[in-house]
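Next come two complexes, and both contain chain A; in the first it sits with chain B, in the second with chain C.
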Partner chain A sequence: MNSSWWKGLVVPAALIATAEVAMRINGSTSMSLAAPSDIAAALAAALLDGSMLAATRDTLISAGAGLAIGGLLGLALGILFGLVRPVDHLMEVTVEVIRPVPSVAVLPIALLVFGFGYTMEIAIVAFSCLWPVMIYTRSAMAGIEPRLMEVARALRLSPWARISKIVFPAALPRILVAFRLAAAIALVVAVTVEIAINPLGLGYGILVAQQGLQPALMLAYLVWIGIVGWSLNTLLSLAQQRLLGRAARVEVAR
Partner chain B sequence: MMQTQLQQGGSAPVISFDRVTLAFGDRTVINELSLDVAGGQIVCIIGPSGCGKTTALRMAGGLIRPNGGSVRLLGETLTAPRRDVAIVFQDYGKALLPWRTAAANVSLALEAAGVPRSERPARIRLLLAKVGLTGHEDKYPTEMSGGMQQRIQIARCLAQEPAVLLMDEPFGALDAMTRQGLQDEMLSIVAETGTTVFFVTHDLEEAVYLGDRVIGLLANPGRIGIDLSVDLPRPRNQLETREMPEFLRLRRQLFDFIEKAEG
Partner chain C sequence: MNRSRFLWLIASFVTAAGLVWIWQVVADNRLVNPVFLPGPDRAWMALVRGFTTGDLDVKLLATVERMFWGWLVASLVGVALGAAIGTSPRLRAYLSPMLEFLRPLPASATIPVAIALLGLSDGMVLAVVAFGALWPVLLATVHGFSAVEPRLYEVGRALGLSRAAVIGKIALPSASPDILAGMRLGLTVALILSVVCEMIAGRDGLGTWILLAARSFRAPDLYAGVILLGLLGYATAVAIGLLEARLLVWRSRSR
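On to the complex of A and B.
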């Protein structure tokens, strides 16, 4: 980090100060806006009484479980489609028809099948995470050095050993990028489902605050979701560096 | 055919090409190639580019199947790669796992063969010592020179305890000094183990220096053009062997062959 890291904070700080001053001068009683200091107070209060943390837990459980299920399924399908060309051709049309369906459009069906609650939300998050992971993984398969596959053949590695010892480590850098992407999607979809329909988590928290005419609390949720999203991304990017270590450097060196 | 071979020599050939034909689409790469390699021999294959020498090696490794005829290894027709046939590729940088250390790369062959975890470290140490990489166990391939990387690959192949070693221009990408060093190391390893070697090279002197026999292929389609047996004493020596009249005679013969083949 260089010595001028604080320069990036100038603009947000100025904006917050301006908003604060403007709200105070106007003495606004808006139902959609609130002064930054009020938002901060609402955030602190919601964190202290535990409601914000409970909502965060609910959202993260749904997003995490959905990401795990959809991601692993996408990983398995991506490896299968990437390595077995005939299966890829066989499934191409099916995949291309289902994939563009917006995750929110699956909502009514998921609601019918699973009812309200975690399961429905997890299913929709999983549906949304499956595709990016599958497509990234599939293309990562094509990027594996053909000579390595030949070495695997020459050594007569079992199919499972081929995947675990050659294919997976070779594709790991790209698979991790896919999972980071999918994690962002998981959070977005989880919150969307909660706002739209599911009485759970941070999305539902925003909705309740909005309908209760509490703009400060509503915006506090928004700020908090931003913080959660940013932390999640930072965490995953740290995990990526830690997990790859050597392989990441190799990837860059190429 | 099989019977006459068995009657001729005391032992059946280790590698046997029997009227092997291979075509990619319309192009016939190899036409009716018949060739027997006796056990324990080092056979070097030379020839102009496009003569199918690497293709022949890949067929001996079971990586490609011929369209016609058959390739037999120790009497059995090859349909897929075998673990007792090890292949040393020219592009060592691509044939090694960059995320594994030297030791772990050698370990891959032991893992493939189902060697118990507890036995691996000792065997890896022995194999790396054999190729002169003691003390470099924990280095990654990208931290090592080309010659050292090729040594890792050779150690991995030796870990297969191969009856046959297929080498596809293994020293072609190395500088002259490193190449000579590796040639001698390979010769002493092979002399110790009695492995049969099928060695593809474009370096005629290398072929004479290493081989018990040098086979020159002609291109379009690939077929045998010359088959020389090399009666130079072993162990060979980079200076003395290369100055022997017989060495110079064979070298001259191969140069003439290549010139004609390419002209």
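On to the complex of A and C.
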């Protein structure tokens, strides 16, 4: 694979070149397409004047805050449901009814309660991050070596010590996988909410560029959103490997 | 299903009913502003009214149709493309880096581009839904095809099977659990994108209905719409679960 990394660049390069040539031949006066060179220029300009970076900051703040709130709630619920089986059984129907509600369906409710702005976006991101984290944490609890729990019982650890000293470290690799998934979801939901209604961040930027008939800027935003999403994904994978080393690989192999 | 499992299920239904009752009490005593939180009785009445005197059924059907067609196109294209890429190491070397880059791209970010290209039309919605739901199916298929036991391919070669026969008889059945998991994810994405497209493009459907209800402070209608969307999400999950159980019968039998 190492000797043939260039193969991955052939197709995108060919596509970009074709688009460039096609746009140049036809003379680009289109309101929906732009030549790759114009897109690159628009991207550079928007990055230099700071507007795109400000939008990126807004989006990442909302996604991050939502991930933190939803993730912590999901973690707490997952530990509770995973360790106390009766609660899990009792809440089964409730959870199964609320979980499949699409994240965008709560969007109008958040709009009604919080109005436009960060709060409503954070609330929706938190709602959509809660479920995957909760479910992964709950199954991570079930995967803990039972003998560790016996040790905890034998040592008569308090519930808090049991969670912080045994349960949490034992389940950490799977919990981190859950957070990585949730981070990807958080970015997608944040951008979706911005495109749908919230006048904020990258999603709003791309919508305004489209409505202002600036195809180069619109596509520049699309490319930038792709870069942000890809970087976030790559960073989180790297962080996971650094933090856990071999434990992470075991998790993937399973 | 054993007895204790059944009893727990009943207890769980009772808990859910208890929570709805608490919601009712909270709403009746106006502990939360009724503009934000109508009681379940008002939401239910709005739901019934929407179906009997309104056109909620038409809107529901419109959303379901958008979701279904987009998902179907995505599934067919995704499996076909995934089979081509998954069975050819050369194609994989050329294409998979690009696919890896496109995968984390939020599908909703393509909506403005699709609007610019196709206008505020049903074709635009179909394109966005199909494009968004394509990725989970495509990547799951590629993964499923490349994870097929290599010895099975060797058997295929030894038997002199054609490429189509290898795909149809060996790779596709072996990859079907992955493909179905991808299609399940694709269906969730399709529902979300259908609703978002309706909200932005104003196409008639549940998405427009709940957004209009929120903007005009008709909270019971809004909650009725959200409940309906939740039921729709639940129904699609159950439907694909049944499909999975039916298609993968051989898998549980062999274990």
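Some points to look at:
FYI, the second predicted complex is superposed on the first by the 243 of 254 C-alpha atoms of A that agree within 3 Å, B and C clash if a C-alpha of one lies under 4 Å from a C-alpha of the other, contacts with A are read in each partner's own complex, and residues count from 1 in each chain.
Keep this in mind: a residue touches a chain if its C-beta (ideal position, glycine included) is under 8 Å from a C-beta of that chain, and two chains touch if they have at least 3 such contacts.
Note that the structure is predicted; figures quoted are calculated from it, not measured.
When the two complexes are overlaid on chain A, chain B and chain C sit side by side with no clash. When the two complexes are overlaid on their common chain A, residue A:Glu150 makes contact with chain B while staying clear of chain C. Touch criterion not met for A:Asp49: it reaches neither chain B nor chain C.
Taking the C-alpha centre of chain A as the vertex, the lines to the centres of chain B and chain C open to an angle of 100 degrees, rounded to the nearest 10. When the two complexes are superposed, the chain touching more residues of chain A, out of chain B and chain C, is C.
Using the contact criterion defined above for the overlaid structures, shared-chain residue A:Val113 touches chain C, although it does not reach chain B.
Contacts of A:Val10 after superposition on the shared chain: chain C is touched, whereas chain B is not. In the superposed pair of complexes, A:Leu222 makes contact with chain C only, with no contact to chain B.
Residue contacts after overlaying the shared chain place A:Val191 against chain C, while chain B stays out of touching range. Of all C-alpha pairs linking chain B and chain C after the chain A fit, the shortest spans 14 Å. With the contact threshold set out at the top, not one residue of chain A is in contact with chain B in one structure and with chain C in the other.
Chain contact summary for the complex, chain A toward chain C: residues 1, 4-5, 7-12, 31-33, 89-94, 96-98, 100-109, 111-113, 184, 187-188, 191-192, 195-197, 202-203, 206-207, 209-210, 215, 218-219, 221-222, 225-226, 229-230, 232-233. Of all residues in chain B, those touching chain A in their complex are 61, 63, 80-83, 85-87, 89, 91, 94-95, 97-99, 108-109, 111-112, 140, 142, 160. Remark: chain A residues 145, 147-148, 150-151, 153-157, 161, 165-166, 169-170, 172, 246-247, 250, 253 touch chain B in the complex.
Against chain A, the residues of chain C that register as touching in their complex are 8-9, 11-13, 15-16, 19, 35-36, 93-98, 100-113, 115-117, 188, 191-192, 195-196, 199-200, 207, 210-211, 213-215, 217, 219, 222-223, 225-226, 229-230, 233-234, 236-237.
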